[in-house]
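In the two assemblies presented below, subunit A is common to both, partnered first by subunit B and then by subunit C.
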Partner chain A sequence: MPIIEVDNLSREFQIMEPVGRFRRRKKAVHAVRGIDFTVEPGEAVGYIGANGAGKSTTIKMLTGVLVPSSGRVTVCGFNPVPQRKALARKIGVVFGQRSQLWWDLPLQDSYPILGAMHRMSEADWRPRFRDLADQMDLGEFLTTPVRQLSLGQRMRGEVAAALLHRPELVILDEPTIGLDMISKEKLRQFLDAERRDNGTTLLLTTHDMSDIQRLCQRVLVVDDGAIAYDGPLTGLAEVTGAVRTMVVDLAAPVHSAALFSLPNGAVHEGIEADGIRHSVTFDPRRLSAATVLAAISSTAEVADLSLHEPDIEHLVRQLYGRARR
Partner chain B sequence: MRAYWELAKSSFRRHSTYRTAAVAGAFTNSVFGLIRASLLLSAITTAGGAIGGYSAMEAATYVWLGQALLAPLGLFGNTELAGRVKSGDIAVDLSRSVNLTASYWAQDLGRAAFDVLPRGLPPLIVGALVTGLAMPGTPGPYLLGFVSILAAISLNFLGFFAINLLSFWVLEIRGFWMLYMVLMNLLSGFLVPVTWFPDWLFDFARATPFPSMLQTPVDILAGRTDGAESLAMVCLQFLWLAVLLVVVQVMVRFGSRKLVVQGG
Partner chain C sequence: MASPRTTSPRATRDPNTPVTNLVLLKLLVSARLRSQLAYRGSFLSDVAGQVLLGLTEFVELYAIVHNVSTFGGMTLAQTLLVFGLASVAFALGDLLLGETDSMSETIRSGKLEVLLVRPLPVLLQLATSDFQLRRVGRLIFALAALAAALLLTDIDWDPAKMVLAIITPIAGAAIFCALFLGAGAMQFWILDGRQFANAFTYGGRYVASMPGAALFFPIQIFFTFVIPATLVAYAPSLVILGLDGPAGIPAWTGWLGLPAAVVLGGLMLLLWRAAIKKYTGAGG
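And then the complex of A and B:
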């Protein structure tokens, strides 16, 4: 049985729009329009889309915080809004921009409260908490009030809080927002291990492509309130014909692109810095970065290089453009 | 139930971290007690010894008990819930597996438990030293007074919670808040005892839950009412408690369907 079932789900908001100087007019904004998808237990699904695409609205309907305008949602067998409290014991939610910890108490004081809320006995939550604190390296700041934690420390505390009751499903709304590379990687490793070891289902929204690459086998792309793509990540790049970009800095200037004998599938895009910096795009399904680099090095000495992955916004834009055509 | 107990305990600890604020609050309560006591005493002297059944000493006791209970009873409320609706953090509250009203209620009881000693004792000590206090010598009034205080804390909580819940419908609750504060300050007997009101205002006050929020516990503690009368007043408090609880639950039920969570 699917853990999340969303059937023709819509949500619209009424906003007041000024008309002339005094009058206001009601206007309906369709944040989510008739989306369908299911998530099976144990899956890790990335839910991506541009700002304002309807991601957070969907998440709020899944957790029972927001009432759908129409359509049906079932999460862990519950109807989220009327069965919100029962559902909350089955799922863990992390809002990247909000905190579920008690702001003016030491970090460790939040967990007994959460354990009690989930009706776990001390013998049940305490070992789990120790385990989580261990894996997430919470030890050194457990006695620090939450308000004094750094963002990275707080997020680790938040994830531990969301996982304390061993939820079947963890919903993460932009969990890595504002985190540095190391904190991001730690968090991803932890979530990945949690899923592998306990079969926890993950649904996360993010703007960070590497979150998706590291954690998710499947992506749902939402655009303008509708699902624009549902499938594996590799497929997304294929569908959109996404290309990687290699930027090389040469030891000595080369002024003509024609001097490089680039393999088929690689395109020279431009020259900057008086012939020092060259950018080349290539299709990752046909060429490896090594092949492209070898081709360039055979002509000129490469001093430095960087590789750029297609970003989510770019992929989504491509996808959306394709759907419109 | 354990969750609410943990919430109450955590709230007690949260408030106990702000000790300077407690000291400043107790100081303010005592200073205002001096001002209020001197105003009432001069009015009583001018009136010739007593007003509405209050002698000078009884009026002073009424002021000091009021000042001592001000903070524990939560007579100034807080706008925490409305603030969380405004910021969208209400989404976190609603994602927890607890009843919204009960979780805030438990936290308010924890706050009150902390406020009793550091906010309650100083005004009473100042009062005992400056004007003297007329307190009953039997345990009855204190026992019933304790129950009455618990009921009054809950009533004040529910009253302010209802005003906060209006934020599910309107973005800015300041107007409702001001109106509530004015009504509550007057009708709860915080400014002067409700028995000093002209008849029509006295009758009006008695038809509202406001006297149950302050006047009742103060009168019971001061031993102004006998046992049976005190018991009846506590029963009335519980009646109002039931009424406000229904109002608040209906508001939560309809409001959370109406609620639009702000921000992403």
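And then the complex of A and C:
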């Protein structure tokens, strides 16, 4: 049985729009319009879209914070709003921008309270907490008040808080926003392990393509309140004809792009740093990075290189362009 | 490696103890208390400030009574009884639900969503997450004023009056809890409603702590039968002191505190539920 079932789900908001100087008129804004999807237990799904595309509204409807205007939502077998408290025991929610920890207390003091809220006895929550603290390296700052933690430390604490009651489904809203590379990586590794070991279902919204690449086999792209794509990440890149970018730093400057005999499908994009840095885009389905690098190396000595995956905004923009044509 | 330090003073308890409501409540309140003690200096100055505030309020009343010898038909000591009862009731109500006052901020900052995704009633979380210990300062002052009033007034005690004297602060606290709850609920509709809501809570306290006979007749009626502020302290004081009330607040209303608290409390709880429903219906 699917853990999330969303059937023709819509949500509109009434906003007051000024008309003339004093009068105001009601206007309906459609935040989510007739979306359908299901998520099976153990899946990891990335939910992406531009700001205002309807991501947060969907998440609010899944967690019981907001009633749908029409359509049906079932999460862990519950109807979220009427069965909000029962649902709260089955799911863990992390809002990247908000804290559910006790701000003025040492980090470790939040967990007994959260455990009690979920009616877990000490024998029940304590081992789980040790596990979480262990896997996410909370040890060195457990006695630090939450308000003094760095964002990365706090986020790890938040995720541990959301997972303490062993939820079947974890919903994360922008969990890696503002984190440094190391914190991001730690968090991703942990979430991935949690899913593999305990079969926890993950649904996350993010702006970071690498979150999706590392964690999710499936992506849902929402645009203007509707699902624009539902499938594997590789498929998304294929559908949008996404290109990778190779940036090379040469040992000696080369000032003209024409000097490189790039293979078909690779495009020289620009020169920076007085001819030292060159960027080349190529279609990964037609060319390998090695072929492109070989072509460049035959002209000039390459001192350094980096490869960039298409960023999420770019992919999504491409997808929207296609959907609208 | 998880820290071996114990996280709470519960180390001696059997770790398999099931979590009862009482255990949970204790944990929530103690967390709140420790949070406030985290800033010791500001905590102490807060407590002192609250005592000072109570004192100022009393000085204001004193200044009036001192100049007119009786205020709304009451002597200074009798006025002090009204003031003491009202202050104890308000301090208790404020201690429990005073933070619903800043509901619009809780909504705007998104904190309400965090409360909504936990398996506990929002109201319980609010009451415990914002248990303002510094308001204890106000309660201490209020209790002192009440004790002084009981010593200074000549009361012809009988069992009924004793019962009333015990019920009154509890019923009064419940009335203020209900007013705070209503004030919080109101802010779901009027997002900048804090000032408006304060008119009922702090305004109610102001009316409750003065002799009701000093009020204009329609105001007497309003603050007795619509917003039961005079029922918090003045009306019961009339009964305890054996005085006759003014036209709008007859002495028999002294026994209306508890029923009024139950009715008002029930209504405000309904309003609160409607407010939460409104939020989940409209998303803030």
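Keep this in mind: the second predicted complex is superposed on the first by the 313 of 325 C-alpha atoms of A that agree within 3 Å, B and C clash if a C-alpha of one lies under 4 Å from a C-alpha of the other, contacts with A are read in each partner's own complex, and residues count from 1 in each chain.
The rule is simple: contacts are C-beta pairs under 8 Å (C-beta built on N, C-alpha and C of every residue); 3 or more make two chains touch, one makes a residue touch a chain.
Please read all numbers here as calculations on a predicted model, not as lab measurements.
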State whether subunit B and subunit C clash or fit side by side on subunit A once the two structures are superposed. clash
Subunit C versus subunit B, contacts on subunit A by residue: C
So in the superposed three-chain picture, is A:13 touching just subunit B, just subunit C, both, or none of them (first/second/both/neither)? both
A:276 in the overlay: touching subunit B, subunit C, both, or neither? Say first, second, both or neither. neither
Once the shared chain is lined up, is A:289 touching subunit B (first), subunit C (second), both, or neither of them? neither
Which superposed partner A:85 touches (first subunit B, second subunit C, both, neither): both
Between subunit B (first) and subunit C (second), which, if any, makes contact with A:267: first, second, both or neither? neither
Applying the document's definition of touch, where does A:51 land relative to subunit B and subunit C: first, second, both, or neither? first
Kindly classify A:247 by the partners it touches after superposition: subunit B alone (first), subunit C alone (second), both, or neither? neither
For A:302, using the defined touch cut-off, is the partner it touches subunit B, subunit C, both, or neither? Pick first, second, both or neither. neither
Output check: A:65 vs subunit B and subunit C. Expected answer is one of first, second, both, neither. What do you get? both
Overlap of the subunit B and subunit C footprints on subunit A, listed as residue numbers: 13, 60, 63-67, 81, 84-86, 88-89, 93, 95, 97-100, 102, 104-105, 109, 112-113, 116-119, 145
Contacting residues of subunit B [partner subunit A, same complex]: 2-3, 5-7, 10, 13-14, 17, 88-92, 94-99, 257, 259-261, 263-264
Sites on subunit C touched by subunit A in the complex: 1-3, 5, 7-8, 10, 13, 15-19, 23-24, 27-28, 31, 34-36, 38-39, 109-111, 113-114, 116-121, 280-283
In the complex of these two chains, what residues of subunit A are touching subunit B? 13, 51, 55-56, 60, 63-67, 81, 84-86, 88-89, 93, 95, 97-100, 102, 104-105, 109, 112-113, 116-119, 145, 173-174
Touching subunit C in the complex, subunit A uses residues 13-14, 57, 60, 63-67, 81, 84-86, 88-89, 91, 93, 95, 97-100, 102-105, 108-109, 111-113, 115-123, 126, 129-130, 133-134, 138-139, 142-143, 145
